[in-house]
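Please read through the structure below; I'll follow up with questions.
All chains are identified by letter, namely A, B, C and D, in their written order; residue positions are counted from 1 within each chain.
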Amino acid sequence: MSESSDQIRSEMVAGMIDTGRKPNRRQGTDTRTGAELSDFCRRLVTRRSDPIGTGRAAQFTQAYQTLTAEQRGFFFDRLLEDYAPDSDRIIAAARAYKENPGFKTHRSLAKAVEAPRQNLFRSINMAPGGTSTLVKMRQHMLELSMPQRVRLRAVEHDLKEVLRSWFHRGFLHLRRVDWDSPASLLEKIITYEAVHQIQTFEDLRRRLEADRRCFAFFHPSMPHEPLVFVEIALTQGLAREIQPLLARDSQVAGGRDIDTAMFYSINNCQTGLRGISFGGFLIKQVVQELRQELPQLTTFATLSPVPGFQSWLGQQSEGSVSASPIGRQAMRTRQELQQHGDWYRNAEVQQSLQLPLLRLCAHYLLHEKLDGWPIDAVARFHLGNGASLQHMNWLADTSPRGLAQSAGMMVNYVYDLGRIEKRHDQYINKGEVSVSEVIRQLAAELAEGQE
Amino acid sequence: MSESSDQIRSEMVAGMIDTGRKPNRRQGTDTRTGAELSDFCRRLVTRRSDPIGTGRAAQFTQAYQTLTAEQRGFFFDRLLEDYAPDSDRIIAAARAYKENPGFKTHRSLAKAVEAPRQNLFRSINMAPGGTSTLVKMRQHMLELSMPQRVRLRAVEHDLKEVLRSWFHRGFLHLRRVDWDSPASLLEKIITYEAVHQIQTFEDLRRRLEADRRCFAFFHPSMPHEPLVFVEIALTQGLAREIQPLLARDSQVAGGRDIDTAMFYSINNCQTGLRGISFGGFLIKQVVQELRQELPQLTTFATLSPVPGFQSWLGQQSEGSVSASPIGRQAMRTRQELQQHGDWYRNAEVQQSLQLPLLRLCAHYLLHEKLDGWPIDAVARFHLGNGASLQHMNWLADTSPRGLAQSAGMMVNYVYDLGRIEKRHDQYINKGEVSVSEVIRQLAAELAEGQE
Amino acid sequence: MSESSDQIRSEMVAGMIDTGRKPNRRQGTDTRTGAELSDFCRRLVTRRSDPIGTGRAAQFTQAYQTLTAEQRGFFFDRLLEDYAPDSDRIIAAARAYKENPGFKTHRSLAKAVEAPRQNLFRSINMAPGGTSTLVKMRQHMLELSMPQRVRLRAVEHDLKEVLRSWFHRGFLHLRRVDWDSPASLLEKIITYEAVHQIQTFEDLRRRLEADRRCFAFFHPSMPHEPLVFVEIALTQGLAREIQPLLARDSQVAGGRDIDTAMFYSINNCQTGLRGISFGGFLIKQVVQELRQELPQLTTFATLSPVPGFQSWLGQQSEGSVSASPIGRQAMRTRQELQQHGDWYRNAEVQQSLQLPLLRLCAHYLLHEKLDGWPIDAVARFHLGNGASLQHMNWLADTSPRGLAQSAGMMVNYVYDLGRIEKRHDQYINKGEVSVSEVIRQLAAELAEGQE
Amino acid sequence: MSESSDQIRSEMVAGMIDTGRKPNRRQGTDTRTGAELSDFCRRLVTRRSDPIGTGRAAQFTQAYQTLTAEQRGFFFDRLLEDYAPDSDRIIAAARAYKENPGFKTHRSLAKAVEAPRQNLFRSINMAPGGTSTLVKMRQHMLELSMPQRVRLRAVEHDLKEVLRSWFHRGFLHLRRVDWDSPASLLEKIITYEAVHQIQTFEDLRRRLEADRRCFAFFHPSMPHEPLVFVEIALTQGLAREIQPLLARDSQVAGGRDIDTAMFYSINNCQTGLRGISFGGFLIKQVVQELRQELPQLTTFATLSPVPGFQSWLGQQSEGSVSASPIGRQAMRTRQELQQHGDWYRNAEVQQSLQLPLLRLCAHYLLHEKLDGWPIDAVARFHLGNGASLQHMNWLADTSPRGLAQSAGMMVNYVYDLGRIEKRHDQYINKGEVSVSEVIRQLAAELAEGQE
């Protein structure tokens, strides 16, 4: 770190400590005044059209990287207080607009409304690596304790809006990831894979063989950092179970018989971009890439978990909810699950649980909503993309996580390009989801109290 | 153009024609209703998180390219009227904010204030080539007749703001342009060079020899389109005249004697990005590149025109202005210039004009202001960047343009990296400009009425 | 040039001057002894497995570039005399082989036979730019006066063999040349185009429009130097005239009607690689590229000159040759051509010449041979590649060169991929050429004395 | 595999089986005649200037890949017999040369001497992947049983000569290998590392950290296949022990203290290029790269095994050799080594062995020769490159291999760029090796019989 960034770091930290507004001022630390910090930040902002700003932004990103969590907290507080929009100015501009709505009054109001920290964030972006520093900064904000997050939500929101304008779909590049990709990139894929974990390069290698595909989105300012990636298995017919796909020693499928692309894992990589969605774009662009490369493909589908199912089941077993018939059924089934730790290995128990669980799960996927959309995050994502819920697969993921979250079930969402648009419209406009008759029937049976 | 983009084009145009609000509806044209257009645009906007949107955006950009100027006018009117912010919603949100200023009310107000067309512009960006379509679209807006421009200024402003957020300094790449660059790029350099025109590739070639440099900024979404470029001559000592630098047969300077980098031409390439400034960044980054490549360089300076001088001189000769002593001096000098069409070739006339013109020009550069900044656009740019005005060069550009605009004068602005920051600050904060003693003296002489 | 390469240059030159074997020793020049030169070269050779050799090879290539033509002559003489194979050793090794033909004696003989200068050439190749220095060196040898060339033919032959082993088809890369290619490459295309000259970049540009193609072969060691390139026009039907193809303002052909690829110019670029043939490979690989890119293409043909026709016609008019009936016809026709300087503009003369010239040309192409192959170099090339002679086009090239060499005629050779192999075999094995019935008939008419 | 390559494969194999010269003709196999094979090969050769040849070469490489070891043996026999040089023609050409040595007779003799199979090999090179097929083919030849290898040595030699002309130093590219290299390349590094084995990507990763370097040579025709690579550790002072360098958890050295580059592993990757040496070039070019990147480096040295030491020690203990004083000392020391299986862990035994082993090893490195050069392959390589033998390190490699081959010793060869050339000359011309006084003294003590 250069002298200058050392100094800036001191300014940042010292300034925060000495503002007098913080109760946790500690004896013995740097006693320089907060004026230094505001000086520093003010200079960064005012000089945005000045290349010296580029140099200072570089010093800032270097300094930021050395901050402790506590120091970052101080810094975020400064962003909250010193770079907030000016309430009086907003109110005055709004009054002028109300009196005479027009181009100039609107522009003044828009300027007054924008928080000065948005400009500060843009200034930081001038540094080499500035974009990823800002993504990291938002990650740090999202990892704060809940009270801090609530207090700082305006800062985090402003940063998110700046990032959203930059990480626009139009700027993302799709790249295939394969065994010829840099080892440093593959290492990140290993790290970011959260759905079906990868232990070693040798594990990963199976997922990059001739019958597999992996694609990721990248942004030009972070060319070495995948934003989101998807893993695909090329199969004959729909895959209904996950473990065979993941097995390191499974046979590589031959070219001729392949007719289906199974999307079995999709992962967002950057916590700092949470809420800025890429996944839907990725799946649909990858479908187009695959159709081009492999015209023999007729089916594009996922093999997905039902990650919120067990948790929902648990909630049904508590308190007043269970007063309803569905609640009672949920409670009964859950009790049976809990009695038998290894229920899925016990043929008898397993069989007795199969139908109740399938019915409950069908109901959960179809009828349990949050703000009008499916409560299950994965269902919400795929159905919102215009996919259709086709199959429920019993004992399709017997990994510990698969059992704990989804009671071992997996489902297939099918992307039928010819119908995606219409389904997306129906979903958005009428809340209708596309689902196979069998699953609809299973949900209906539960409602009718069948056992 | 595909069937679909044909259809969209019809929707766009027909829709505009049939809204009933336009007086210039022509018989015999497409009679489909405006509903189609609004349908089209609404779909484009609502589907922004939907990759189908990518396809429709692509159809849009194809259709847009086929519009006539008149059809574009219709389209811009639609953007003005149908995608304006909702005034009532803004006023309601402002009231809520005033009653209870906080995160949520502020967020609601910000949302209400943002014009929906900004979102439409972002949707268009999903198309391949979407970014350059939007840049072109703003160019089209700026090329409208003045009454149209005034009426559509809100639309143009919104588009500018969206473009500004994307064409941020942090996303630009500096690339050297040389004789190994693609011919298609060099052809653009020839086209965009407006300061000292280039006729042919052979002309350009001299400007890319071993003692010359050319650098340009590019954006990742428009990799083949330079945004701004600068041409540099490596010389021994400051260059004080332009024609020797431009001569196709001038000798290529040797490596050892070079100590100065003369920035003799800087050009913005994209009309559609007017007002989003890159030039200052470019100069300063190029200075850093050159210092790295050629450590023997000690001076970085421009050889610049004074493009507003003659025009200012003319204004002084009109009406009441000339009542002042300076006005009278200006008038006298201008009359003499006009009497002698080829004054610069006539040794006697030339000598008698030299001192008055130098004094007037010094005064013009130092003391004539607009909104507090130098009235001369080139002076405003370089002095604002923190450069210093070092020399005035008599009969330094005797090209027709040089005589007509700058009375044949050119000036040297010097970029002294060690002082740029301080000078920039003094300029911004106190309006002080850095200027050599000789020039200051010349301006003073004029004020004192010396002849 | 560094001190060291200066010194080597002196060694090379001085050494040559002072060997005492040259009569043209001049007074006053460098007097260092030839020992220095042989020292230098010996070191270069013995150290071939030594990276220091890389450095010395670099010094050699730098020094070589500064040699005058005379100095190069001295150097080549040294290669002839000091790096010749050892005759006694060859004879001894041959004797040993004769007595006992086997692996070891054969290997010894092969070693004895190889000239040590081949090894020297390989050593030079270790330098950066070594390969192109060697290509340039062979060019220098081929540009010597005839007596010198004859004397040095062994040196030139050895260099050719080394170059042939490196410039093997398997190492060449095909690259498309278009308007996005580096200007420095396009400038070389302009320079090397010898068939139908290009004056400026603007001329060239027409040849790179959407209905044109240009491809070149490159070698990895000379990535910026095309070895051979071909220019193609995409047309509807066979092109039978050249001027419309070359006109800068000709209309760009539309995509739908195109069914033919006309190869209208093929140029070798490197004199130093003369006799190492790439053209046939280039045409056939380009045919494959075009078939892939444009499946609608049905015909691949050339529009070629008959460059030796007029020269052959002249020879027929001299001495004893003209005693034959064909000779007499040739003489008569030639006289008429010479009487009418602008015969091709005079409708009457032109018509009276048409049939005799077509017959003579058909005969020339089909029956005039050198060492069993067609005497016309272009015919030999294309027919040897397995193409078929399809059309003769009257007044198809009325440029000065076209008239002077080919009497204004051009011919179409057709590459029919399905038959190339068989035709190549028939040509190689039986000397048969593939020709259309019309042309065969024209030649027969001449033989039968028809007028 | 296409139909055509199937057919060729049949031709190749069937032809071999049916020549009648092979005793191992099996019933029931393909009965097509050898004429087919020779047909196939003859066509491949004669068409070398014919692009159809490119296609057939591609079919050949595909077919070759499917051959069994036995079928390859047949094929090599055909190369031996059908593509040998013509003995009678050689003898006739030699006679003509003897009678009249000159350009033409020499050229005829050279042509007669060259085996036709060299031309066949060049034809194969026209195929995509032809070069690596030929490298693989030579590997197959070198892996034959000894009697076969001896019989086919002429074929193998001819292939080697062709490969040597292509894999010339001037055509190789140096590339750095690091953690951003393709995983497929790193996997090859893991596979080819034979000196100090790498187990997993995680192992390899430590060897690519900030204080390590890895460089490899590549050929343009095999861009994904390293030919030779070297691993380097950047250290403070000479490294004298190997295990600390290899430990996965060793600390990464800081930038400031580094002054030494230790070459601790160099590996040839392509068995098919055995005998075509790249290692010396690689080390010296890497030294230059490192000096450029890290000017603070003052020492370039190896940490090398003495791989032939124990084997030599064993030979001294047998038969008549041991009659000499050195032989007796060797025998005694070896016996002691063998008595104590874990001698290096036993402080007493270890100490008693140290001086005798160091003396024997010094003697072995300095005075034991084969054809005049050091008998130890590693010593021969580095001393031949002009390096100097600086240190012997006791118990520097206690891995099983290190103990078994080198008795745990490692040595440092130092590359002193300023002296490499002189040392190389002394080595080549006088057989002198550069060695430190201490080591010379140790060897002398052995000769004097000290104990």
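Everything that follows uses one rule, which is that contacts are C-beta pairs under 8 Å (C-beta built on N, C-alpha and C of every residue); 3 or more make two chains touch, one makes a residue touch a chain.
Given the structure is predicted, the values throughout are model-derived calculations rather than measurements.
Enquirer: Check every other chain and keep only those touching both subunit C and subunit D; list them.
Expert: Touches both subunit C and subunit D: nothing.
Enquirer: Can you tell me which chain lies farthest from subunit B, using the average of the Cα atoms as each chain's centre?
Expert: D
Enquirer: State, to the nearest whole Å, the distance from the C-alpha centre of subunit B to the C-alpha centre of subunit C.
Expert: About 52 Å separates the centre of subunit B from that of subunit C.
Enquirer: Between subunit B and subunit D, tell me the centre distance in angstrom, where each centre is the average of that chain's C-alpha atoms.
Expert: Distance between chain centres: 62 Å.
Enquirer: In subunit A, which residues are in touch with two or more of the other chains?
Expert: Residues of subunit A never touch two or more of the other chains.
Enquirer: In graph terms, nodes being chains and edges touches, is this line, ring, star, complete or other?
Expert: Graph shape here is a ring: one loop, exactly two partners per chain.
Enquirer: Given the complex with subunit B, which residues does subunit A contribute to the contact?
Expert: Answer in residue numbers: 46-52, 54, 85, 87, 90-91, 94, 97-98, 101, 103, 106-107, 109-110, 113-114, 122, 125-127, 130-131, 153-154, 157, 162, 165-166, 168-171, 220-221, 277, 280-281, 283-285, 385-386, 420-421, 424, 428.
Enquirer: Using the touch rule from the top, collect the residues of subunit D that touch subunit A in their complex.
Expert: For this pair, the touching residues of subunit D are 179-184, 186-187, 200-202, 205.
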